[in-house]
Amino acid sequence: TLSREFSTTSTASYSSSDEEDDISPRERPQVNSKGFTDFCIRNIKHADFGRREIEIAEQEMPALMDLRKRAQGDKPLNGAKVVGCTHISAQSAVLIETLSQLGAKVRWCCCNIYSTQNEVAAALAEAGYSIFAWKGQEEEDFWWCIEKCITADGWHPNMILDDGGDLTHSIIKKYQTIFRGMKGIVEESVTGVHRLYQLAKTGKLSIPAMNVNDSVTKQKFDNLYSCRESVLDGLKRTTDIMFGGKQVVVCGYGEVGKGCCSALKGLGSVVYVTEIDPICALQACMDGIRVVRFHEVVKTADIFITCSGNKNVITRDSLDKMKNGAIVCNMGHSNTEIDVASLKTNDLTWEKVRSQVDHVIWPDGKRIVLLAEGRLLNLSCSTVPSFVLSITHCTQALALIELFNAPEGRYKQDVYLLPKKMDEYVASLHLATFDAHLTELTDDQAKYLGLNKSGPFKPNYYRY
Amino acid sequence: TLSREFSTTSTASYSSSDEEDDISPRERPQVNSKGFTDFCIRNIKHADFGRREIEIAEQEMPALMDLRKRAQGDKPLNGAKVVGCTHISAQSAVLIETLSQLGAKVRWCCCNIYSTQNEVAAALAEAGYSIFAWKGQEEEDFWWCIEKCITADGWHPNMILDDGGDLTHSIIKKYQTIFRGMKGIVEESVTGVHRLYQLAKTGKLSIPAMNVNDSVTKQKFDNLYSCRESVLDGLKRTTDIMFGGKQVVVCGYGEVGKGCCSALKGLGSVVYVTEIDPICALQACMDGIRVVRFHEVVKTADIFITCSGNKNVITRDSLDKMKNGAIVCNMGHSNTEIDVASLKTNDLTWEKVRSQVDHVIWPDGKRIVLLAEGRLLNLSCSTVPSFVLSITHCTQALALIELFNAPEGRYKQDVYLLPKKMDEYVASLHLATFDAHLTELTDDQAKYLGLNKSGPFKPNYYRY
Amino acid sequence: TLSREFSTTSTASYSSSDEEDDISPRERPQVNSKGFTDFCIRNIKHADFGRREIEIAEQEMPALMDLRKRAQGDKPLNGAKVVGCTHISAQSAVLIETLSQLGAKVRWCCCNIYSTQNEVAAALAEAGYSIFAWKGQEEEDFWWCIEKCITADGWHPNMILDDGGDLTHSIIKKYQTIFRGMKGIVEESVTGVHRLYQLAKTGKLSIPAMNVNDSVTKQKFDNLYSCRESVLDGLKRTTDIMFGGKQVVVCGYGEVGKGCCSALKGLGSVVYVTEIDPICALQACMDGIRVVRFHEVVKTADIFITCSGNKNVITRDSLDKMKNGAIVCNMGHSNTEIDVASLKTNDLTWEKVRSQVDHVIWPDGKRIVLLAEGRLLNLSCSTVPSFVLSITHCTQALALIELFNAPEGRYKQDVYLLPKKMDEYVASLHLATFDAHLTELTDDQAKYLGLNKSGPFKPNYYRY
Amino acid sequence: TLSREFSTTSTASYSSSDEEDDISPRERPQVNSKGFTDFCIRNIKHADFGRREIEIAEQEMPALMDLRKRAQGDKPLNGAKVVGCTHISAQSAVLIETLSQLGAKVRWCCCNIYSTQNEVAAALAEAGYSIFAWKGQEEEDFWWCIEKCITADGWHPNMILDDGGDLTHSIIKKYQTIFRGMKGIVEESVTGVHRLYQLAKTGKLSIPAMNVNDSVTKQKFDNLYSCRESVLDGLKRTTDIMFGGKQVVVCGYGEVGKGCCSALKGLGSVVYVTEIDPICALQACMDGIRVVRFHEVVKTADIFITCSGNKNVITRDSLDKMKNGAIVCNMGHSNTEIDVASLKTNDLTWEKVRSQVDHVIWPDGKRIVLLAEGRLLNLSCSTVPSFVLSITHCTQALALIELFNAPEGRYKQDVYLLPKKMDEYVASLHLATFDAHLTELTDDQAKYLGLNKSGPFKPNYYRY
């Protein structure tokens, strides 16, 4: 692979050899070629392959590489000791090594028992990083790895980089002293952010936290631009369907829905939208899309895509009415949108046709094509482009720098958005990829607009 | 005309007969067919023509008509006494008559000395409304009309509907007692809103005000959707240019710029964008548009369109470099974007080629085609569709209802945005036009999302 | 105007002063500033204005100007004596003067009694051309002008450039000797071409003729590219309608229909197509457009556009079913598509709302908005861009050159298409406008493809 | 798989178990469950799996299924004895069984040593068809299979269905008597058609042949619509690249190039075109695409796609100039477009990164990403949708019916295009998939247009 983020499909293919390794990494000797032993990964022998993956990823993540260069003189993370818990991929490795070059010390584990690329973990260990992660952990291993990152001889972590909140909550529960002494938390997931706001509400958040999930730049790429491509890819890889002329129902016209509709229309599909919000519905109208209720199109459409963030948007009743061959999938933020459980009844037969593709067969022979069992199509059946991860990881790095260097009192015991100016900076670091040239304000213009020449250029709420 | 908002071009053609009327309306007897005399307009004889214009506009403003029906029972504006100061067009007449049907009493004048459609003013006067407005007023007339709306026997206005702030400031200056007793102000223009925030800052705003300019629905229509159409119309009507294959530079990729680019790409133009904001620049990249600095394209492009909200975006230096026949125009929010003054030098010859079209000729014979002398192309050389005004006027009506009926204490002495829920309501009233059918949340779904079934469906900051 | 072809609307505005001239041009003295008298036009005093129009048109017709330069050395039309009968516009003036510079002698009249721009005719007369044309001729004048072009002292025309066939048929009927001695005919209109094929079939075409109407380049511009823009312009200028979200029915998915649909979709309309040809219908499907029968959408659509080339595509029965405010217009090749005659019944009221806009009012008050009384919207309510005319006139010039210089025997007594290679040459002359750079075949590649390096590059039938 | 045509990638995965079968099918006993033995395939045990694939394909090929129903009464191929030589896929199986149901007797082999889906061949053999085909034949096996189809006891074939011409030429060389007695040939490939025209030129084509490759409907789908989707799919599956903002050079703006450009623009790529033909170049301009020479963009573009049909469009010299990470691939009709041979020099290192993906590495470390070693991206790295094959196979079936039933003398010893009317019929059979409803001409309209109500609706040359 040139560059792939974690996904069941894609990593499955790399790691087939791992199945041979029956012994748990925790029971195997762990030592790299220089005698370093403070890590725990699957197999150090795969370090070379992992290093090549990292090198390729570096080429596609110019912003982080740029950051290394720009910030190298003054090493803005000198003194930072970061505990990290994320997916372990070639792209996150580029982040880890960037933090290190900016002066930070790090210990790192994986936020999901399946989401480690073993070869990449090996390459990091070989390079001397304390990595505790492998693919296919037991639950118990998972918490053990987190522990190993929090505590170690002479290790007094002062920052958290988290994805999901498990690391943060481990520290809060068991290591309150460490927690209270920290400079801050950077959290990237919807779930983790939600948990942080809960903490803040209940007064348990004793240090500042930065919600990078809702950064403008990251949001646009995670939702609009990423889904615009992955909806096509996910559907094509699984079903080989031709998009031209197909009738597609997209449930929800937020950023994800807008991305899906735009891509499908570009290839000649006839798109319908369902919406609960009249403002989004009116936007669909103005984009030339018919806004319908589900029952109006359930019998005639060829493809159904949920991206509403809601639950039971597609019910058994609807599935009963769909025509033979209809394809049903989900691009929303969880697997609740399609009521998959309702399909597990005795009268229906499930037939696994391909990886991530099930035919659900009705007594009369009607087949519904269900993708990824209703989980996220974009993660399960497509890949996340390096460029999207470059945006995410760059945002995380800048959030760490901001929290670590912020003057006393700028951030309190609360959850913050990344300052607009740094959000803009993330974007600016990615313009070179497109050979895009930014215009600078003259002094006169800056004064006229009442803006600082280096930004921020828009109010915080601006996110068109 | 089926439906046209004020614009120099369009109204010019209707009102040619008015030039005959040399006597100022203030010196002419004013009486309608029923003997009513409390108004001052150009010529009551044109009332029939104006009434037909209003009737046609009613057909294209279903939301206000709908509001009339829905709110007629309880007449939510019973007791409201509104002084209004807006453009006087068929569309604003529909607003005025709607307010009246909702229970309000009104007196109305025009916010611009040129922007009254005389026939419409006549129709309103004939129907018994106290209208003080005509096209081509003197400065002195303008203030006189405002006065006539504020004070009258037994008239104690308690609400202001303003467009630009002149009415509001007249009242503040001269009628503080009236002002302090009022329920609130609804203001629709950028300028007027700016003035309100200034008042609030300096503690001079003793009543609540509603900024309807920044309502989500209104903004989308005023900027993105409206400009998407008017950029084509404005350029075509003035220059007859073919868009296919033309190289166009759009300065600014905000909502207006996005609308312009989308429309031009749809007709086969090659579009370039200049931007100061890296986030907007990155959006342009992801939309397939090259982001350049002005000097990179100044010599080769065919058309230049400013929509940055900035000043001197196109300077004399740039104009000197453009090629023969280049077209230069402005879609931004004022006439500062093109440095038109810099073209008024002795070495250049101006040749008026058509209404709103000047050729500026360089000594070597090079001609630059300047549209509307750098004023807004969309207002000067195109028309504002009734549908856009329907959104605006519906928003104004709902803002009045909200302010008038709000329980004590909901609004203080400050400037407010229209509540999200009412913003959504404006949108919902316009869905029928497109035969769009909104989906309703089930109880279960509403609970899952933590939403009220009738909205609001999004947080206030949501405005993608 | 920068550049407008003939249209009722546009010329109306220029020529208002002509109404003063009550005396027929035929009865007025005709002499230019150098004493030249062999012409008949409205008013020689307007020559300066016309000359400026021609100069502006020259800037937008670079291909003809280029042809002047390239072919000037050997003057390929030396000896050609061309009788021409076309619209007289600034653009056709550029053609006439180009032919002259290439060596031809010309006499010229107008192919339509309304389609002369008087100022341009004046400019040509002032420049010494024998022009016989004015706006608002009587039928008798029309034929008189044609006569004056065919015969004159010492004038032995040997080529015809015709638009509609009236000139050709006059010569065939009355001047068989002249006709038989000619080198050939170049004809540009559908009608004229049809008449030529009839002549050929019946053996009456004693000289070769070239059908330039069906040249590939010209066809693409006349239909696809031209209509893509004029459908928007024609609708907007007449109705000020907003396109976003509107439901539009396009009858016919040939080149004109494809252009209309593409433009409307680009602005957010919901488009439906009706078709009789399954191949075109399938193309519409693959472009994401629903293919319907008229009755399925007649009651709900907002706009109906015919471009089928057929007759009675919209019948009275359909018009009876349309909803209030529906807009009906025609972009096809004649005024037969809408059965306008069926609307001239006593129960319906016609109300002229604007130039080219009629409201037809049903007894129940329903209004249908009929544009240009069913004539061509693109000609009646929009303008033909100079660039399109540049293609057409360049094609005509090359056809004349080809016929005049073709070796004996290449063309027989038949109707021919312009050779593919010259068709390609027309296109190549227009690439500079777009700064487009053609790639040249290497010797090796040309051999591989079996092509001559200078074309033709495709078989004759290739016209995707 | 739901439905995939032959491609190295896709079939590779299905047939892995076949590698176990070391014994050549020719040496194994061949007998199905009913004792039938006149076939030769890999393994009859896989018949069930193949049958399911065929059944799924049937659902996506409604036109052939429809043809079975419509033509079943009179069995238009009664008496036809067809030798077939095509890829053996689920889709071609639907064709074979359709021909059989229409009355034909058939014997079938595979036109490529790799392009047999063994399971499908097994299913056909099990159903009693004489199939001689397996995946991974030796050259000798290939010709042996062809022989087995031509000759058999009591088998006197009278029609050929060929894909590539190998079957046809075998018969011509060795079985002239059989050949001369035949009713006709149906050929679908570019190569095969080329060979037929050569035969016709040299007088060796003693029976009529039908070129179905150039049918309008088939062409549109094979090129424009198919490539519009497969260019995205092929690039994404191999490189996971994000399309938004990427600069892409498309060499050639024929139907394939138009499809590629349209798809890439739809996802936000910045597209450039190179062209040799000025007409196609001008089309690119009017579609908003810059037309450049290769050297203008070679250093800056991210992706290069050839679809010119030419050779050496991308040379070693160009590859030397590309930037690090540039992706190079081919969508044209053969593997000549990229000079891959020139990359096989000692100074460059090739690294196989994935199936179908090579990194070619320059001495300075620059990597060029070469896809499918310059072979067709759409076939090598994507799939051909069933719908496209439905069009192709339906066209073949109708061509056979036409040739078999044509009255004496309609077809001579020449190569013909499918009659327009049947081409239209192919399209009409596919409209139901899109719920598209064709409009019928009234008698009056048909007369006006001079058309038969059942078509053909356009002249033969019409193929916009």
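The first chain written gets the first letter, and so on, giving A, B, C and D; residue counts start at 1 in each chain.
By our rule, contacts are C-beta pairs under 8 Å (C-beta built on N, C-alpha and C of every residue); 3 or more make two chains touch, one makes a residue touch a chain.
As the structure is a computational prediction, the values presented were derived from the model and not from experiment.
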Touching chain A and chain B alike are C, D
Identity of the chain that, by mean CA position, is farthest from chain D: B
Chain centres from averaged Cα atoms put chain C and chain D apart, in whole Å, by 41
CA centroids of chain B and chain D: separation to the nearest Å works out as 57
Can you list the residues of chain D that touch 2 or more other chains? 225, 244-245, 265, 267-268, 285-286, 290, 433-435
Taking the complex as given, what residues does chain B use to touch chain A? 216-217, 220, 224-225, 254-255, 258, 274-279, 281-286, 290-294, 296, 309-312, 336, 423-425, 427-428, 430-431, 434-442, 444-445, 448-449, 455, 457-458, 461, 463-464
State the interface residues of chain A toward chain D in the complex, per the touch definition above. 1-4, 59-60, 225-226, 228-229, 232-233, 236-237, 239-247, 262-263, 265-268, 300, 324-325, 353-354, 357, 369, 382-383, 385-388, 433-435
Flag every residue of chain C that touches chain A in the complex, lowest number first. 244-245, 265, 267-271, 285-290
